[in-house]
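Both of the next two complexes hold chain A, though its partner changes from chain B to chain C.
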Partner chain A sequence: MNRTTALLGSAALALTAASALAEGHMAGEMTIVSWGGAYSASQQNAYHTPYMENTGITIINDESSPEAVAKLRAMEEAGNITWDLVDVEAADAIRLCDEGLAMEIDHDEVLAAAPDGTSASDDFGDSIISDCFIPQIVFSTTMGYRTDLVGDTPPSNICAIFDLETYPGKRALNKRPLANMEWALLCDGVEKADVYDVLETEEGQERALAKLGTIKDQTVWWTAAAETPQLLADGEVVMGSTYNGRLFSAIAEQGQPIGMLWDEQMLDFDGWIVPAGLPEDRLARVLDYLKFATDTQRLADQAAYISYGPARASSAPLVGQHAELGIEMAPHMPTDPNNAQSVLVTQYDFWADYRDDIDAKFQAWLAQ
Partner chain B sequence: MSDTAASGPVMSADGVPLKRSLNRALRAQKIRALALIAPLLLFVLITFIAPIADMLFRSVENQIVRETLPETVQRLGDWDADSGEPPSEAVFTALYADIFLAAERKLHTRLGSRLNYEETGASSLFRKTGRRVDRFDTDIYTDQITDLDPAWEAGATWAALFEAREARSALPFTARSWERWTDFVINEEEDDPLEEDVPDFLYTALYSELADGAGAGLDPRVDQVIDALPGFETVSVREQFLDADEDWGGADIWRTIQTYSPAYTSGYFLNAVDMEKGTDGPQFRPENEQIYLTLFKRTMFMSMVITFSCILLGYPVAWILANLPARTANLLMILVLLPFWTSLLVRTSAWKVMLQQQGVINDTLVWLGLVDDGSRLVMINNQFGTIVAMTHILLPFMILPLYSVMQTIPPTYLRAAKSLGATNWTAFWRVYFPQSVPGIGAGSILVFILSIGYYITPEIVGGTTGTFISNRIAYHISSSLNWGLAAALGTILLAVVLVLYWLYDQIVGIDNVKLGG
Partner chain C sequence: MVALTPISRTPVSFYVPVVAAAGAFAGLLVGTARDNSLLGVVLGALLLAAIAFAVTQLIENERLARWAIFAVFALAGLVMGGLPALVVGAAFGLFFGWFIFWLFEGRYRERLAPYLTPGQVLWHYSFRVICGMIFFFLITPIVVVMPLSFNAEDFFTFTPEMLQFKPEGYSLKHYEDFFTNADWQQALWNSVRIAPVATLLSVSFGTLAAIGLSQPHVPFRQVIMAILISPMIVPLIISAAGMYFFYSRIGLQGTYLGVVLAHAALGIPFVIITVTATLVGFDRSLTRAAANMGANPVTTFFKVQMPLILPGVISGALFAFITSFDEVVVVLFVGSAGQKTLPWQMFTGLREQISPTILAVATILVVVSIALLTTVEMLRRRSERLRGMSPG
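Here is the complex of A and B:
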């Protein structure tokens, strides 16, 4: 009898404890989805850790950003959104917004103004490419090359990728048409202002593919941006495109013999979206976090851990030194005036429309 | 007595006909058996069959067009797509109501993405139009109607008007639009429609129907509007759409809407075999967009090559394993199983290190002087790389069934054959090999079916010529979000596997497949 009571009692106790614990978790937890690796680490250092210290809320990192679009759609269909905030590329933010999977927000209301009082929407400026998108960083797709394999004249122009005579050897390019098509047209003599007008036409697309065809059998096509630094380090390719932060870490952190070519870097944005249909309490918590994590100082802080430019204009002057290496980060930002002498800005509307069409042609061309 | 017993039904001891009694007993047994497997059956149904069926169903499902644009689809029915002209003003008026409501519910962009799979440019067309649709100049109808009688501004007036069945049947389009709008306000905004401003598109709908001569004698207020109609200032809804985006003036987008208006479509399947819906039935896509048939053929071909190389490499290994003393065999078996305990990604990446141009194999060949430094072999990012890496990864699936079948072949058979005068080769080929065929069959099925759906290895080492159809399926699932096309590709792949399985059954016989014993 006694034993039974004791057993029952402890079981009941355990149950209450467990449920209390579960409730506590629910109340104090937030799942934030991002890309993992060095990028998530920079967010952890610049946003998550200070926020958790200030509020006592636990932030759980989920590294699902590469599949975020598909997973969000699946969650919405299942009627159970388990994510609170998702880090996506601008193009994906547009798609999620179009699909009704991301929440539209009023940037001035949700985000903090700049320290000098400039409203958030002015401070972020053009980087707000969708009503659902809360910009975080500016990154660029650009070229890296092996300094010891390009001879005495390192490339200074993006068209070096098409110049097999001066720079023989393999190249690494993205297995997606984005950026490749634009560079091909630029190097085929199309004026920068006309690139997208030309790319809209059937002939323009043929022309870009024909230009890429001149280096097709000398190209390794990558699907993950980490491949290019690896291929460069192994000496598999002489030059290749990837994100500027990847090249920075190969050059500055690992000391590889790699040079960087900023010419016609393809600027792009990355940022947050809030999944549509969050319950009130979770939404309130996310918005509170967002206000903190996207303020001027926090965005500048992030640049100490990774060489991506803060999306706010007011953050740029605050960018300091690398947290471990102690080097000035500003000259490594894609938005630095020296680096930004010639840039291409991704035309999201264009790619939203032409993505399926051009991708089908591009993949068919690759498979031939 | 014995007579009746012989001609009547056989009875059991309790006087019930034996047949029924037996049936009852059998039924009870069946139910018990069913109850025993029910948990597993339900589990498989719910977690496996149902999701697959649901996914495959997406390959034909296409309700989104008629659900988002119901009025437009209905009125577009008799538009002649071959005319090359955009449809009439009436269709544009219907589109106005549809797009307005879709934009309020944020569904227009979803439809835009759907139609963009078929017609490049639809995505931004719908996005742009959705932004413009609440700023159309159609408010002149609102002003003119409310000027006649301010009561039109109140939702209650509209509600009262469409209470009456005659009004609903005389002005069906306006009545339906009113109903859809109130439905939206009540269910999604959770507001009272009678307190909201009546949106412009309802006045435009009312005007368009009254101008067509409908609605006379319904209600004094309506009659008042009809009387004033000749003096009304008008605006073309079509022009408003053209202002928002001139693509509405072309026939292409309309043809796409019309073609994809049915609730079910074969469009995804056509797309999955490089075809499209043309003006006169299905036709092949332009050559520079054809990709899927190539990929299907390549997937089949490479899976067969991989299966064959697995047989070639696995057979001798299995033979040795089966003929060694148990202790040595077990040690070797661990070596065969070792790759299973290593991450798939690690194994695949290791092949990259081995095969790349600055990799281990090329370096060794150059060092040995077999290959010139300038002409290192290209062994990765092509079909060769995929075949090598996948053969390695799938080899255990061939060795294990072969081994367990070979173990059951008594060595005495070979000795008997030899003692009867057979050469080594004849003994193997005529006696041993036929008995090991069931193992080859089982291994081949396993390897082939696994490789046909393989995704990650071809993605990493396949380059452009060594990727499979599954890589495109993954792309459409996770990147382009064209789940319909992904489902169609998946369905075709499933069908192909089933057909091959059937063929295999016809030729080899599935009874000849053994996983062991």
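Here is the complex of A and C:
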């Protein structure tokens, strides 16, 4: 008995040691960090799979984007950068760039030009909100509502969230001030041009919170974007805010009785950053991937799997049909002219200056 | 069953209020489901009091009365909420038919000692009800998940089709997703690859440590013991952060070996504790006797000591295995995407996409855990039986 056990034990140890040696950062591997779910699947289909077929490099998906900032800080501290490319929201990209955790990029040199020769920086235009940020998609935070719970007059205006008389029932809103504060002021009669001027002041912030206070006891606060579609599908809420791609998926792919509102949608960008301090060979591989994955055709391809708009102007005409359902995707893009009649664009400068302050007030107000 | 106590019918002033109280509770459940708890309580109490009085005073035949209650409740359920409510109503009917006559005939005293005071009888049953409720609250969240995993839709929702028991409301597609989706299969494979090796390491080191620490002549036993079981006491997030920085420096972060070692460290305290507990009853003169007969320490360990402490080792191994199999915090730090385990995949799945595939996996894991625990318990009983038969 003792010999068998000893043999088994040493065999297991040898196995562990062997597989440990076989792992580590192999030459043909690249770890790409993203958000998971349908979004990662769209990147897999549009970028990763064709790239792996072309080059033979294996791409490992890590679904850690929600904690990307914290993890990149820890990696920097430990001197062990294990990620090659990270998908983050624009606001996080600015933060990582300021902290020196993301690499600054010369967009025209690293990224491919548009097919008609327009330089990358012109093609991406305003979506390049930071020197470290390589934009990918435009998404928006907007409202979805239960078509069977709103009666004969479905909401057509964002202020329906505050209208408890016409649309009684619970609402779902993001558990952070972004978008909520802007909507509250707009619906409290502030002119759109003045929203941020008002929100800068103490009284303006109080005013927004007071407006939100009118529906506070009827609001479910979400932290993960998947919650709103779930609550809508349950009929727990009458309406709720979430990302437009989530609503598209619940409506078109899952066939739920949900309608969506594009009025005053809050536009935001999402894209790549390259962690600072990658070794030469890994950096070269990442830049090669980036050039491929952000070209005009690839960004348009992604829209076949998820309803987020490509960040390049030259990609918009190439957006085709949904890969499985065959729906024309262009009318479901937040950037489509019909949908973009009234939009709010996230003001990164404003939120960079006021985020901590307003966040603290908002959380304190929530706890009251 | 033999009746211990002679029983007699109870007065109306006793059983009608008690049935009314139970009715109020049932009314609370029904009323809450229909958004009017208070009305439910009042109606439930009045209705059940009336029924209890009526069936005991007007209908002499108990069987008939119980069938009548059953039928009325089932019908009321059907009228109020269709097929699913019919089942609930029928269950209520069965219960109240039995409950009314149980009280009325005084059967509740049947199996209790005759000298118990009414207070003691009350406590006897309250205790059982309280235990039942605790069990109910512990088990319901787990049970609710199981039917939802057969949902035909991609949400955590009991659809109207499901509640009416229509076949189209149910589907196995989330199980299919689990078994065909590469992400889930990779996660399952990683878990299966990590947990047994981590368990093996925990058991080897933990058993050795426990045996060593149970020797009276080892210096600083308490201190060493405290250090070894500290992973169980220190908050997991702190161990995880510490391991992250340490493993990063020595190149173990993001490797299979790193995760295995981290999980082994978490599992060792369980093995030490269970093995130490069994060693308390271990007779040390047996090892001396073995040595006396010429066995070297290794042979003594495997032939004499190990078989006797095996139950402790096995339950320690089980805890170590489950610790590794369920662990999400440490693997998030120490692992990289290549070591994504099932709990990690469930965690990201819950955050990013509330998909019932998670529920399907949870159901499978619950079934596997039950099977595992049952097997171990049966093995333990078998070895106990065998040992009981062998001399000494």
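Everything below uses one rule, namely that the second predicted complex is superposed on the first by the 343 of 368 C-alpha atoms of A that agree within 3 Å, B and C clash if a C-alpha of one lies under 4 Å from a C-alpha of the other, contacts with A are read in each partner's own complex, and residues count from 1 in each chain.
Just so we're on the same page, contacts are C-beta pairs under 8 Å (C-beta built on N, C-alpha and C of every residue); 3 or more make two chains touch, one makes a residue touch a chain.
This structure is a prediction, so every number in the text was calculated from the model and none was measured.
Novice: Please indicate which partner A:D234 is in contact with in the superposed arrangement: first for chain B, second for chain C, both, or neither.
Specialist: So A:D234 meets both chain B and chain C here.
Novice: Just checking: does A:A352 make contact with chain B only, chain C only, both, or neither of them? Give me first, second, both or neither.
Specialist: first
Novice: Does the superposition put A:A193 against chain B (first), chain C (second), both, or neither?
Specialist: neither
Novice: Using the superposition on chain A described above, determine whether A:K361 touches chain B (first), chain C (second), both, or neither.
Specialist: After superposing on A, A:K361 lies in contact with chain B but is clear of chain C.
Novice: Classify the contacts of A:V220 with the two partner chains as first (chain B alone), second (chain C alone), both, or neither.
Specialist: First partner only, chain B.
Novice: Which residues would you name on chain A as touching chain B in one complex and chain C in the other?
Specialist: 66, 234
Novice: Would you pull the chain B residues touching chain A in the complex into a rising list?
Specialist: Residues 106-107, 109-110, 112-113, 116-117, 120-124, 127, 288-291, 294-295, 356-359, 381, 459, 463-465, 467, 472, 477-483.
Novice: Quick one: which bits of chain A touch chain C in the complex? Just the residue numbers, please.
Specialist: Going through chain A, the ones touching chain C are 1-2, 5, 9, 12, 15-17, 19-20, 23-24, 31, 33, 35-39, 60-64, 66, 74-75, 77-80, 82, 224, 226-227, 229-230, 233-234, 254, 256.
Novice: In their complex, what parts of chain A are in touch with chain B?
Specialist: Those residues of chain A that touch chain B are 66-67, 69-70, 73, 95, 97-100, 104, 170, 175, 206, 209, 220-221, 223, 234-236, 349, 352-357, 359-361, 363-367.
Novice: Using the touch rule from the top, collect the residues of chain C that touch chain A in their complex.
Specialist: So the residues of chain C touching chain A come out as 153-157, 183, 197, 200, 204, 241, 244-245, 248-249, 251, 253-258, 260, 298-299, 301-303, 336-338, 348-354.
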